[in-house]
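After this come two complexes, each holding subunit A, first together with subunit B and then together with subunit C.
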Partner chain A sequence: MKRHIRPYFLFQAAVSLLLSSCAHHPDVPASSREAKCLPAIFPDYCDVTVPCNIAPLNFMLPADQYEECVARLTTPDGRQQTYGEGVKVQIPESEWHAMLDVSKGKNIKVEVWGKATNGQAKSGNEEKGGWMSFNPFEIHVAEQPIDEYLSYRLIEPSYIVYDYMEIAQRNLTSFEETQVFNNKVSCDDPKGQCINCHSYQNYKTDNMLFHARVTRGGTIIVNDGKVSKVDLKRDNTISAGVYPAWHPAAKLVTFSTNLTHQVFHTAHPNKVEVFDTASDLILYDVAKDSVSIISNDPDLLEVFPSWSPDGKYLYYCKSVPLPEEMRDKDIRTTYPKVQYNLYRRSFEISSQSFGEEELVYDAASADKSVTLPRISPDGHYLLFAEGRYGCFHIWHHDADIVCIPMDQYTGDALTAETSSPIDLTLFNSEGHSDSYPTWSSNGHWIMCASRRDDDNFSRVYFAYFNNGKVEKAFLLPQEDPEMHVTLLKSYNRPEFMVEPVKISAGEFARVF
Partner chain B sequence: MEVKKRNKVSAVFLYVSLLAFILYVVYTLHINKEVLYTAHDRSEFIFGAPFFHTLLSKPFGLMQYVGAWLTQLFYHPALGASALVANWTLMFLVGAKAFRLKGNASALMLLPIACLLTSIIDLGYWIYIFTIRGYWFSQSLGYLAMLLLLWAARCTPRKWHLAWYLLGFCFYPLLGWFALLFVLCLVLTEKPTWRELIGLVLLVITAGIWRALLYSNQNPDDVMMAGIPRFVTPVDSNGRLSIPFWVLGAVSVLIALYSWFMSKREATQIKLMWFIPVLSAIVGIVFISSLMFRNQNYIDEMRMIRHAEADNWQEVVHMAEVNKQPTRTMVMLKNIALMNEGGLLDRSFKLGNPGVDIYNPDSLHIGLLNIASPLVYYNYGKMNYAIRLCYENAVATGFSPFYMKMLSRCACATGEKKLAKRYNTLLHHNMFYGNWQPTPITKTVSELQNSFTDELNGVENNSERFIIDSFSHSTDTVSKTASEQALFYSMIRCDSGSFWAALRKYVKMNPDAKFPLHAQEAYIMYMDKSPEEKPIMLPVEQAVYDRYKKFWETLESFVKRGLKPEEISAKMRNQWKDTYWYYNIFGRKAI
Partner chain C sequence: MKGSLFRCSLFTIKALYTLLFGVAVFLFFGLAYPHHLHYQEQYQLFLFDSTYVWEIIRLPGGVADLLGRFCTQFFLFAWVGAAIVAVLLVVVQLLMLRLVSFGRLFGLSFVPSFLLWLFLLDENALLGGVWAVLLTLLAIWSLVHHPPKGRGFVILVTIPILYWMVGPAWNGSHYHRYPTVVPVLLYAAWLSAIILPLAVHACKKWANDTRFSTLFSHLSFLLVAFCMGLLLWKNANFKAERVMQYDFMARHQQWNRILSTIKAEKPNNQIGVTVQNLALAMRGMLADHLFEYHQNGIAGLLPDVERDATSPLPTSEVFYQLGMVYVAQRTVFEAQEAILDFQKSGRCYKRLAQTNLIIGHYEVARKYLTALQKTLFYREWAKETMSLLGNEEAIAKHPEYGRLRQWAYAEDFYFSDHVTPEMLEDLFFSNTDNRLAFEYLKAYYMLTGDRKRYTNLLLHSVSR
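Right after this comes the complex of A and B.
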């Protein structure tokens, strides 16, 4: 579908090109003191493993401690180039990609010098003012690329009120970010509109969907590039569709249906609790516009459906029964006891029928709650987010990503002890929420939404995954590394795509 | 000779009128200086690409961005006001050239200035809830840019005007409705030809073309009305506040028509129109004064918030002493000030606790929640709620310095150092916050913060009610300050049950403290009217007891005379308004 020409972005691209052609290549300081430590760069790209097609890993030294930064990058072929202007190191895309091309499977050596601000006393090795040289670090360039596109919803970490929100897509090989849809373009009611839960079939965008709520609400479905709006609330469902999962081969989408609420802690650091008082699973047939119930246990909560890559299993989370004495209590009392385990059902595509429920991972036995399962593209690994309770881990400081090899599962439920989880120490953050894990289409990159930077704004972190080994996580690169500070929005629901959404916001708006 | 004399008289009229208008503008800005400070405090300007790109993705966005940047100047109201006046002075001079207003006719340019001044002082409580970025300067800047274009266009030969009409079309993304106004004014200042017809056609189709070309992801209304401020929230809307902008457009059109009409008249005839300056100044002043939002509590409330933000509690108490009819927000801040300064239970009812409703001619859905709730929650140690309310408000109205400062203070109080650093970094990029650091949490706030156990609560839209209820029920505390608050708010609720529980806890937590005056008053009253089975026995001052007896004697005498409650309230007010009894009987209001 023909995309609208966006002169503004073209203008921006032209300006960026102009600026990049004038990249600053400063001299390395003639003299400096050794800091004998790694530089405190933001984002932390020291010794990370990155895709061979990723956008430049621009970074900066803390502006309150340094006034200048110079970085020298050395590629395996011995070529060197310096960068740095002020405290920021911003590498032109063309030069960076040339460096990546010659460094595939090898390392780029990075040496950093920082000129401390006068009057700012630093660590014991630093003096007031003057250049410091830090221990060099390496950027390991993997042979495997990352999916070219990433989409996410940009929204303030808000509580109830929302205003402008957008689903955006980012080219991961550059800094280009364009808008898929926003909640203003088709909304003429002051009450506003909420958009959420963008989802794609097999990382492609010809079959995709997202929801719009409140004003002119519905689920926007793209079926072979054709846009339509459907109402998934049927007489026999408790709500419209919520968390979606496209079947990898058929025009079928599984949704959870949820009655979701949120309440606020008066003092707890988690601040917000989001929970369901009821949730079921439904199957939506896109071609027939029909909804069938997959699972609707009246006493338990089923949520977060996710297909295995071969489409033969549907994974989902389901709550464990509350202790007898708590069943009639208010959710405000029982919420810390609501825990989810991971289940699956086999699926027969020809008859569209599901098999019996199997307990795959018993998180509750370790006093944990599992959410958001994702099977790796090769089917060998399972990623999920795990916290102590509940289903909305982005607000839970203790939430981490867990990865278990699926070959451990032989029909008996796995537990924390028996699942032999992969070591994700370099991927997770300690004491900060890590949630919404995803695989890239080639299975070599994992991604999550993490609040590790300040416990408030979610940011996207990636890590290299190879044969069950995970490398250090790195933050989504930005043209201006300070953007992660100045952007007062969270990256919500990051999803990989192998191609951009080709339908413009204006075209989406026509179905409202 | 006669003509010369007339010219002199005419010039005197012009200068006197200008002087009168200037003095009125300066006076108006002066009496609204607290509004201007609040304008900066509640206006979003965030350093960095995201804010810039967000605004630039909309027509008129650049003007809004520059306007948002300039709004920072209101940190020093005189500085911001000077920038506005400088803009308007340029408007006056350029406008006279652009419309070719000679002699006394130049005074017509006072009318657009009056519209623009009115637009910034007629907002009232919208200042806390409106969502238009860069509002305070963007309209003045846009109008100045429009006049500069008009001046430039009229300096060129007529055959070039077609190019200027096209340029007006091209400028739409930058200037929004001012680009259309430019085209319209240029069309009207010339004798109609085929070029002007094309100009008019362009005028009609410009917004539509730009929407198709560049703004297909924008709401059609936002593109078609680009730059015209609209005052709409999910629950409120106001057309009155758009009047100055419609009048601005209409006045510009009339001046353009006047310019065209007068271009055919003799120069002497034009100079002799002595009444134009007088009329322009009078109309301008009347327009401004008739639409200006004037209410002393509105201003005092802003000043009190400013002092409370700076933890200047002494000044807050002083303002409470002076103001006899405080709003509910002011009452809440006064009680926080007394908590910090000491004497809450001895002075609060003397200074008055029944707050009056805000002056709200537009019936806005506005209250403490929008005006000062994060500040109040922070000072009561309820950090999560302060943070939440900052977000709820800032998401709609912008991450202004007020919310950034509060968020930073809250993050410091909750130990979220990285988050505090983010807010500080953003604030440090603002013009006057380069060295700003959050005031460390005080012992009192810290004590309150640690005195509550965590609870889960739902959606609370009534901050005042929530605070009163949560404090009056929080008698299970080991904090002296919290026990004082529990006692105070149980008295505010006029709830004898929670009063007795709170008093028992207060006495336990403050065994050596003097029995505070208002607590004595409440104690006597509840012993008399709502005695417990096992009352706590405390000594009260004889004078207080005697006064209580007299209060009831007076009250009963009025009741016996058959007076209505409101009449009794009025008659007893002067003598008894400083007592808890008066508050309990006449003062409390449903919140």
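Right after this comes the complex of A and C.
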């Protein structure tokens, strides 16, 4: 026994040495000048509130201004650790999670030093070169965790033609990203294949779906873990299913059916305009493979169905009639006048019947258009995206997320003035598109796809939500913080999940 | 002594044949097929970036693919590309010679190389395929020359490594840009590289008979060269080469070269006519000389935006030069998205950086420039352009970007795939300094026979 102890300790020492070499713990600069401002770190994690299980908030200083960065993190128990290599601060997952564990409900203090590139003028009132110390900031660690998984489509912000795309899932407590499906697996035609609209029932993945278009198209439905492909285009529908919403309790999915078109701006920064010339709502019964019409007003456009968490109401957006003089004109000229309001209908699950339509939020009265409604898991709040017109706000610079307390709704349509919206100033960006809002399963984290960083590539932003108070938004953390700068793909349709998709891309491909 | 001299002269002759073959390949791609090489280069973007490299080599066939992509970046310079292709094909032939003594059947050692040459005539055939054959031969050669002891073990190790390096040959991995195309010629080359040495080995007694060895060697080479040369001649697509030349000249804004080319041959293909009209307009000659050349109606002037990777590129040049920067951006973006093997394009990245710079979307331009900084040949340009980001004064003074900013649309409207005369009218009447729009508008009216608008335009022009 004794003769094994020495090799054992040697082995342990070697492993420890190897592991410790993975994290760089630099010394804090011996001397520095005070910058008297917060560090211009990317992503901006200064004074954000984060879930107690989130992946490390790695960040960096601008590489064109600094050559080195050192950060010292201090947890509430007084322990300190330094990080930094080059201009990047990358924290090992195990060390970070240990820090989060002791900081729940408290703060981690972050001090940052940056060594300026010689001859490079600095921000604030700094001189050239040398180490600078910035004002410390805090990372507030909430008691509540975030859902462990997030899925999104990674796609170029394209016009009509599309390239390689994939639906990916990311473990939010680490940096692990795996692929759910891609458009190469089952496509052997030069026309390509578009995959989109991944959707889950109650944040779980045993009942889920996504669409494949063009080559071998159809809707891929997972029903209690069993995969099948269905064609939702029926004789009485204008298209196959498009924007989906799973009923929270029954094997029912509502879809909008859309005749969608695109045009392109010649001078406006919105670049692309996506619009429908017709859209209706359908209900798909997964078990019976039957489609029934919910709403198909021939003159108006119904879109973006979304269930209340109790399954008793179906929320959706519906366009407002155009002024008489504009009705016969080309949609390309009238489209900036197309605005959507928010409606709902009660739903009786036993008879699968819908009640009368109720106008919940009148956005058009404030010259706005509402899209993508989502009710909070506790049913008390409503999130949606709002822009001046149209239904595709991810291209609209003026689009923002709006949150209203549902207790304001008593049967009379709410408006911008009567809805007492929650202050989302710290969540929305100024002058950039914020769209596709959603809730985590515990209702404490809200998320949106935002183009605030460059106006072209969507990124996922989260914010803490507690009793109607919303904290500063923070960007999805990445192992390499520069990844968000270099990645030429958009994060499309981010959806929370409490578990990963367990079916492999190969298994999905078998139904094509 | 005599035998040694004989062997020496035979060796020299064989070396000369190899050299001759290499020079033929070099001259063919340098003189007759240079724009096929340019075409290949513009549909990929080789990045000196660990993530990029890992994404390629982690797949079976990744090493061959990576080496192919690495070499293809040099195709930006056709003569360098021609030299690379020549060297690779010569190495394949030399490896064949190393595998087995061809003796009288010396000419057969050229068959795989000739087949690869044939394979490369296709503009969508990828150089990774050549590398796959070369690496396979290298592996076989090293196994053949391995001492018998432990050879079994080496074979066991080599097979999975070879699988990783050259990929599953039976499904074509990444050897052709069209995923559905089975690269038959590549397989033929690969199979011939394996079967021919075995066949020669089977009849080695006759093949290595010294009687009439030189004569047979000459004859076998001449026979293979003649047959393959004939196949090459029959299969070379010189028509496509001309079209690619027009696209190349437009890409590099060689307006005078285009004018001298069209004088000599008057193009009648879609891309050629588009480029011809652009060059005429750039020199202020379009309306005056419009009918001296083939026209293809409005489509030859301002083609609709198609959904392939080739035709939108020269079309986007027209939009860009006219000042339709958003339209040019969309067109070039669509072209890049249409690249069938999901690669990116240095040419497209460059143009997307330019259009975003002109529009003022500096952060988007920065992303493209950051990627281009990781390339060998676009790095310097990207570095220089990066310094313009946000520098309004420098952009305004820039001879190209400043001009295009001034010419850009002031009023926003929607466009789709089809350019209308109203789009040109908006462009010209909002900025009458835009002489290119003036030329195109005149030509548009002439091609549509709209005399009234043509006269009005001239009157407007005179009254200025």
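Criterion: the second predicted complex is superposed on the first by the 489 of 512 C-alpha atoms of A that agree within 3 Å, B and C clash if a C-alpha of one lies under 4 Å from a C-alpha of the other, contacts with A are read in each partner's own complex, and residues count from 1 in each chain.
Please note the rule applied: a contact is a pair of C-beta atoms (placed from the backbone, for glycine too) under 8 Å apart; a residue touches a chain by one contact, two chains touch by 3 or more.
Since we're looking at a predicted model, the values are computed, not measured.
J.: With everything superposed onto subunit A, say whether subunit B and subunit C fit together or clash.
T.: In the arrangement built by aligning on subunit A, the partners subunit C and subunit B clash.
J.: Check the residue A:Cys194 against both partner chains and state whether it touches subunit B (first), subunit C (second), both, or neither.
T.: neither
J.: Which of the two partners, first being subunit B and second being subunit C, lies in contact with A:Tyr159: first, second, both, or neither?
T.: Touch status of A:Tyr159: both partners.
J.: Report for A:Gly506: first if it touches subunit B alone, second if subunit C alone, otherwise both or neither.
T.: Only subunit B; A:Gly506 stays clear of subunit C.
J.: One more residue to check, A:Arg332. First (subunit B), second (subunit C), both or neither?
T.: Touch partners of A:Arg332: subunit B and subunit C.
J.: More residues of subunit A are touched by which partner: subunit B or subunit C?
T.: B
J.: With both complexes overlaid on chain A, does A:Ala416 touch subunit B (first), subunit C (second), both or neither?
T.: It touches nothing on subunit B or subunit C.
J.: Applying the document's definition of touch, where does A:Val185 land relative to subunit B and subunit C: first, second, both, or neither?
T.: After superposition on chain A, A:Val185 lies in contact with subunit B alone.
J.: Which residues would you name on subunit A as touching subunit B in one complex and subunit C in the other?
T.: Touching subunit B and subunit C on subunit A: residues 156, 158-164, 184, 187-188, 190, 263-269, 271, 273, 332, 335, 453-457, 485-486, 488.
J.: Where on subunit A is subunit C touching in the complex?
T.: Residue positions touching the partner: 156, 158-164, 184, 187-190, 262-269, 271, 273, 332, 335, 453-457, 485-486, 488.
J.: Within the complex, which stretch of subunit A touches subunit B?
T.: 4-8, 63-64, 156-164, 179, 181-182, 184-188, 190-192, 263-269, 271, 273, 332, 335, 453-457, 479-480, 482-483, 485-489, 504-506, 509
J.: List the residues on subunit C that touch subunit A in their complex, please.
T.: Where subunit C meets subunit A, its residues are 178-180, 307, 324, 326-327, 330, 333-334, 336-340, 342, 359, 361, 363-364, 366-368, 370-371, 408-416, 423.
J.: Tell me, which parts of subunit B touch subunit A in their complex?
T.: For this pair, the touching residues of subunit B are 46-51, 54, 56-57, 131, 213-214, 216-219, 221-222, 232-235, 237, 382-385, 387-388, 391-396, 399, 414, 416, 418-419, 421-422, 425-426, 449, 452-459, 470.
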